[in-house]
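The following blocks contain the structures, represented as structure tokens.
Presented sequentially are two complexes of subunit A, the first with subunit B as partner and the second with subunit C.
What follows is the complex of A and B.
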């Protein structure tokens, strides 16, 4: 039985939304965040992101494939999960998930197809037997790689990216809405919630790509393009500043207003969440990477490339922890606090084994990387050197030259 | 219809036992006895709402609690548990004890008040102390049915908020959305569960079990569509309060003499 300090409504002592509901926004955050990175190249023609653009898109796809699993695993009656799509109740914030998810999936798959079309065709041409049939099926019967066709591809990629970016933002902003629209819970109920979720999604996506890009380059024995890491670090810094500012502003407003819930929320943060909020979210995952990234961005000229990359990598790793802590503090923190606003329950410890346990959560986090590996085997994440897709999408005149930095 | 698929039948027999075990007093036993007598038909044969004997268009139920009358005996919570087979550690109704001074206040509800209240020592000068029974407010603008992604939570035409345990997916969103802590995920069915105002009883002309056993009539149940109904008279003409009015959920459980400390 959980221990209660103060008074909690007797049914309020259960943490109904478990670790899986922490994983759900964490994973969809990567979906949206990596898509933001790929859009910086495909949509906004920021050439410095070219080395990660495809990896980012594949990452978004890999995480999208597992994004609905934590929800499924959490349901008390998982076999009834499809009811959400078959008999949705449209007044529910949750009912939109199926629609948003399927829509984003559809557009993203289309976009992937256009981006990887030339490789698919190449592979179809190169291989034989069932393998050939497989790639031929993927190519959907068109083998046209004429310059005109490629030009059309580029246009399609741009248009699709233009649809995909808002869709990705909606998919994740909506996760924030699920919490932000619960007036019963003062720790959740704020219109800032979707915004904070979205910004921290960008943070987690960029941070993950800083790590993933370098690991992938090492595995592929390609050189790490320092300017790309540098540019990612700059954007990470930018989004981290925004995220942390909003996270703090929310608290400052509550504290200054002396809102009715502030008493219990301040107790929640300083007792039950003192480690996950103050230590992890604010200091280890917030302040330290903010400083590291400031060094990387502001002292860039004085630092050796290796030092810069190392600092950026450490900062990226820490921000991944920051975002996880933020998800944890919102989802779990909100349930430690009783709606009586008079009591807190003892900290929640997730089970290790079991459907909603730690092992499953780890598996959910690892699964997208396995998917990426398979993706790499089947389609190749990076374009083959000097390959058919070597020419970048038509950049408008005056686009930033490769290797330039964030404004 | 109601989420009382999970064993109302068995609960009925225990109800007698539970009722007889109560704090005693002729009132309780007599009322309990009559409840038993009239509840002998099986709940599955209950007339369907909207058809047959019971027409849900003819009723609009409301609940009324006079906090000054509650003595904290816990009969209601025990009767509810027996009637509805409420699992241990979860509550469809509970009683809160408030000890209030000018400097501080103390609130508790040991086991939901099910076993009554042991004496309590507080570290401040207490000026007043009282009990507040709580149940699902069967809100008219209910956030819990609003958020249900599959429509398993719904409000009936006669004003009860129910869960269809056959279609509930157990997502727990309604549990989060209820500001009053009235809902829980049933540990056996893994679906949402809550007070139904004993829907299986009220559609047969009985009162909810908690109202039936309350020895002081702190809990009353009435019909806002019925002329001369005592609950309706109070709601219409007296000064009544609701819980957390600022959330605009329009509770249909009304209180008289509610203290500022109560949320």
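What follows is the complex of A and C.
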């Protein structure tokens, strides 16, 4: 039985954008967020991010490969995935997704190729048979690792990072636009929406990298670089302050204006969304990490390395919950308002096993990590000690064309 | 640029990918897409062909029934199509060309659909108060006993 409160229109009582539409901005957020971290190193030369720069870029790529899957699972028409890219309908806001997604994918893959080119060449030289043919194809048949060629790579990486960063911001800002441009829904329709989405994407990306960096360092048996964790925690704190401030300002403006929509939005926040908004988004995922990160940033020199890592990791984990709650409250919360603006629709409970269920959502979140693992096996995420070119293995005869040489 | 060979190759690869996308687009977008709007234009004709024509209009009736057509064109029902009461032409002349007697709607309900007194109708439009028409209530009676539908008089 539908559980409506207040006055709702008939046949307008169900939430149709499911958990998959919550996963869509959540996953896309990691794409933009991780790329912001990698560009802090590649574009702005922040050396403290060097240990996570390649991991961040690979993470952005892994999440990008999965980013359109929630939409396709929601539609149930997989062929529409490529169609939105190849035959966009420019009167639809979704055309923007096709254009931005494919453009970002193209530029990111190019940048990845330039960053990992030396690694690919090294592996091509080391391997035999099919494996070698695979790496040779990836290297596009050129084995030039001369200082001049590497200099060209560095220039290309810089230029591509300069294009990729605005593209990543546009990709996620656009996701905010999709909701912000729905003027019939007062919970969505605000020009702040793309900004909030973008900032929370930065939050989720940095938080994920703090966690991934710790796990990756453990798996690789490498020490965690304290300055890197410290820098990530500082930037996470900065972006979290901005995100939460904007999220709250938006509410405060609505509450102060006491516009007619505030009546129902305040009811929504205190009834249907009281747990996911007040408890999770604001307190567990907002206030607590804000305090933990403030400790990490302001009391840095008094902290033992293990304490700093633990505090940063816990804060990062909680901020991931904050961002998920924010996506949930926007996507599901916006649909709980009846179009009458005088009542609330039935609460939404996701199914467990279905195509748009909880298990599929978990699988979608896990998939990028599997892709990352495969990426690590195929190309290696960490830079080999001293860089790939510093310790060149003996090239098999005929592997390197005449003219190219290893410094 | 001796050492820029790999850049040249990746640029060629990107150009090939773009060309493949454009080529795929050429095949995927139907030829008549956008002819009338954001849909496949040829679909309009296909949908029309898929449905048999039922209504033909008053002019088609006048080809055989010129007397009634002339009478109707001079009367107050000149704007009411023959097929409103006499059923569509498709039910009178079948697809194989054979002619059958069409069902004629002589019901009170059909007349009342336009002539029942409703406050929202224009004041000059002939409307019948069903409770007080001539000698009291007329609900359910056959209007055609007194009125000629081809040239109705008040």
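Basically, the second predicted complex is superposed on the first by the 374 of 407 C-alpha atoms of A that agree within 3 Å, B and C clash if a C-alpha of one lies under 4 Å from a C-alpha of the other, contacts with A are read in each partner's own complex, and residues count from 1 in each chain.
Definition applied: a residue touches a chain if its C-beta (ideal position, glycine included) is under 8 Å from a C-beta of that chain, and two chains touch if they have at least 3 such contacts.
Given the structure is predicted, the values throughout are model-derived calculations rather than measurements.
Colleague: Touching A:142 in the superposition: subunit B (first), subunit C (second), both, neither?
Modeller: second
Colleague: Counting only touches as set out at the top, which of subunit B and subunit C does A:280 meet: first, second, both, neither?
Modeller: In the superposition, A:280 contacts neither subunit B nor subunit C.
Colleague: So in the superposed three-chain picture, is A:340 touching just subunit B, just subunit C, both, or none of them (first/second/both/neither)?
Modeller: In the superposition, A:340 touches subunit B alone.
Colleague: After lining up the shared chain so the two structures overlap, which partner does A:31 touch, if you call subunit B first and subunit C second: first, second, both or neither?
Modeller: Neither partner.
Colleague: Considering only the touch criterion stated at the top, classify A:91 as touching first (subunit B), second (subunit C), both, or neither.
Modeller: both
Colleague: Which partner chains sit in contact with A:83 here, subunit B, subunit C, both or neither? Use first/second/both/neither.
Modeller: both
Colleague: First (subunit B), second (subunit C), both or neither: which does A:296 touch?
Modeller: The answer is neither, since A:296 touches no partner chain.
Colleague: Check whether A:106 is in contact with subunit B, with subunit C, with both or with neither, and answer first, second, both or neither.
Modeller: Touch status of A:106: second partner only.
Colleague: Between subunit B (first) and subunit C (second), which, if any, makes contact with A:117: first, second, both or neither?
Modeller: second
Colleague: Which residues form the common part of the subunit A surface touched by subunit B and by subunit C?
Modeller: Comparing the two interfaces on subunit A, one with subunit B and one with subunit C, the shared residues are 83, 87, 89, 91.
Colleague: Which subunit B residues qualify as touching subunit A in the complex?
Modeller: Contacts found on subunit B: 89-91, 94, 96, 106-109, 111-112, 134, 143, 145-151, 167-173, 175-185, 189-191, 247, 263.
Colleague: Within the complex, which stretch of subunit A touches subunit C?
Modeller: Listed in rising order, the residues are 83, 85-87, 89, 91, 106, 110, 113, 117, 139-142, 144, 146, 148-149, 152, 156, 403.
Colleague: Once bound in the complex, which stretches of subunit C touch subunit A?
Modeller: Of all residues in subunit C, those touching subunit A are 1-7, 9-10, 13-14, 17, 21, 24-25, 28-29, 38.
Colleague: Name, in rising order, each residue of subunit A that touches subunit B in their complex.
Modeller: So the residues of subunit A in touch with subunit B come to 1, 6-12, 14, 16-17, 71, 74-78, 80-81, 83-84, 87-89, 91-95, 97, 178, 182-185, 334-335, 338-342.
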